[in-house]
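In the two complexes below, chain A is the common chain; its partner is chain B in one and chain C in the other.
Let's look at the complex of A and B:
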């Protein structure tokens, strides 16, 4: 399988803190990869570089053969770890916003997903709970027919019911053609979704592998392995 | 279904389906849920489900019909021998645990007859 994402030796420094330290990582086309690590391990910096929000000081990133920019933004659907919709909008406005912005946005898919999530078009953004926000944002992001989906902490801080709906939506929207990159430190809840996992520590990849192979080799679930590495 | 053992998920799914076959909840020739259905029900990556089905097929416990889906074997003898294998592995584990408590075979037999 060809690599859709190639990251070669990237380093990112903020003032005197090194967030990424010559990190290299290739991500193959198709499948779900979990980027696992505690807060401060470099997950969000890595995601911001992949989405073109930050530039590395050193190294190279290629997504579908291109450095992050206009083209890669058109093929990468990104769920940030915070709300990105305007407070004055209602859900219908948010759908219109996505439709205007992204050519690959599938409105019917969005409507189905929102229904599945128990959200309706008239709800106002500023009145949504944290769980509802996350469900709305994820529905919009998954409704793009993108080559790459990047979900940054999709279940952080949501209640168990919303969490299950979010996990279901992710599994239902899995397809072999696209690649999903999910960061999380809630490994127990998410590990069964991953084909591959990469453990991030101190801005570099500590361990990477196929999730099932790691379970077999280490004789433990990924959550236990995570605790062993970071505990 | 809870995935707790220290086993790969695909093996736990295989064991779950094997048990369903042994207790005849899945009967011979029954259609198994599609990869997608089971993936959604268990919230597990579809590739993992596919791998479990492929391995079950390799063991001759299920068969695939192109465009129709995956079905449980119609070979009842296979299921009977699966049942014996599963019983044997339970007994083996039990014996290992008992021996680690320093029980002799005679003592174990006595306990079972109680």
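Let's look at the complex of A and C:
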């Protein structure tokens, strides 16, 4: 299958710290890939490079054949690991904002997702709890019919009920023609979502493969494999 | 770009309207004060409440000045927030170019400045109509005397100068973010702004002095002036003569040094492109 993302030998350094070290990775069209690794392994740096928020010092990144820029931002739906919506907004403003800027945004889908998440349009962004923020952001991001979804730690710091709702929403709204990249260190909760997994350590890929094949080969769950690699 | 401007306006209008309310209240105090002073002078009445009114008059002037400064820094701060706060994760992942983001922010900032200026002027004219009734005709006649074409063109070039200053501020903020990475050092952008501003003013004044051709803002005729009419030829004056800003003198029409004005416009375009490049290609969150 055709690769939607091609990463060739990227290196990213912050002052003296090397966050990514000649990392290469091709991600095929369709499917969910888990980028797994502990804090500081380079997951967020990699995601930020894919979304155009950071630029590599060396190497090349192509998304749908283009370097990160205005075009790739129109086809990538990104969930950062923080609340990125403008504080003055209420949920209705946020829906309007996504509708105005992303041609692939499906408003009906957003309304259904918000209902599923127990959020209503009149709620103000700055009055939402951490879990509500996460649910709102995910609802907006999943309501786009994007070619690529990038979710950075989608369940970090949320309570178990919200966690289940978020995972349900991802499973129900995932389009098989799209590619979804999820970074996490909470492997046990998310491993059933992944078609492929890549283990990241010190800015390089330690192990990559099909999740099912790895389970069979290693005779253990991905969560156990994660503990074996990083434990 | 229009869409981004729409959200810029939505995100800032409450604050700007709050500022406007403060300015209008302070303007009312000033006008009422002038009205009372004139009335008391006419009737030769002086009482103790006059001291309080005078105090309010001075305070109101400070409040108006402070409100404009606050609005200005709020507008500057809204650009800074994109680079230093989490909202940048939304702004800089929108399918917009750096120039589109910058252009929208600049236009909205300029729009608010003009809105505040015009609203304040209109309110004061209307209020003086109400308070001074008969005398307003005299005020208007005096006002019309000084409002000529030169006054209007000087106003337009003043707006251009404000826009160029704002571009330079945005450039300084972006450069400060890029040069010190993610470290937020308070006021660093301001030091960069002062340095660049000093350099560009020096260059444009030197060019202006080398090419002393001025546009008469009243007649739109070009004149070559070695010394500025009616003014002492001091070093400071020479410096200001070379600047691209218009010079208005009560006795003389307004003049604009063509070469330095063009130089400043070119600097503005360069800093606009530079800021667009920095936020699209260099700024990292």
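The definition used in the following text is that the second predicted complex is superposed on the first by the 231 of 231 C-alpha atoms of A that agree within 3 Å, B and C clash if a C-alpha of one lies under 4 Å from a C-alpha of the other, contacts with A are read in each partner's own complex, and residues count from 1 in each chain.
Just so it is clear, a contact is a pair of C-beta atoms (placed from the backbone, for glycine too) under 8 Å apart; a residue touches a chain by one contact, two chains touch by 3 or more.
Only a predicted model underlies this, so the values are computations on that prediction, with no experimental measurement involved.
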### Task
Using the superposition on chain A described above, determine whether A:216 touches chain B (first), chain C (second), both, or neither.
first
### Message
According to the stated criteria, A:32 is in contact with first (chain B), second (chain C), both, or neither; which is it?
### Response
first
### Message
Tell me the contact category for A:177 with respect to chain B and chain C: first, second, both or neither.
### Response
neither
### Message
Output check: A:193 vs chain B and chain C. Expected answer is one of first, second, both, neither. What do you get?
### Response
first
### Task
Considering only the touch criterion stated at the top, classify A:108 as touching first (chain B), second (chain C), both, or neither.
neither
### Query
Which partner does A:127 reach: the first (chain B), the second (chain C), both, or neither?
neither
### Interface residues of chain A shared between complexes with chain B and chain C
none
#### Entry: Of all residues in chain C, those that touch chain A in their complex
3, 6-7, 10-11, 14, 86-87, 89-90, 92-97, 181, 280-282, 284-285
### Query
Hey, which residues of chain A end up touching chain B in the complex?
31-32, 164, 167-168, 171-172, 174, 192-195, 211-213, 215-216, 219-221, 224
### Query
Taking the complex as given, what residues does chain B use to touch chain A?
3-4, 6-10, 39-40, 42-48, 51
### Task
Going by the contact rule at the top, pick out the chain A residues touching chain C in the complex.
14-15, 48, 51-55, 69-71, 73-74, 76, 78, 80, 82-89, 93, 97, 100-102
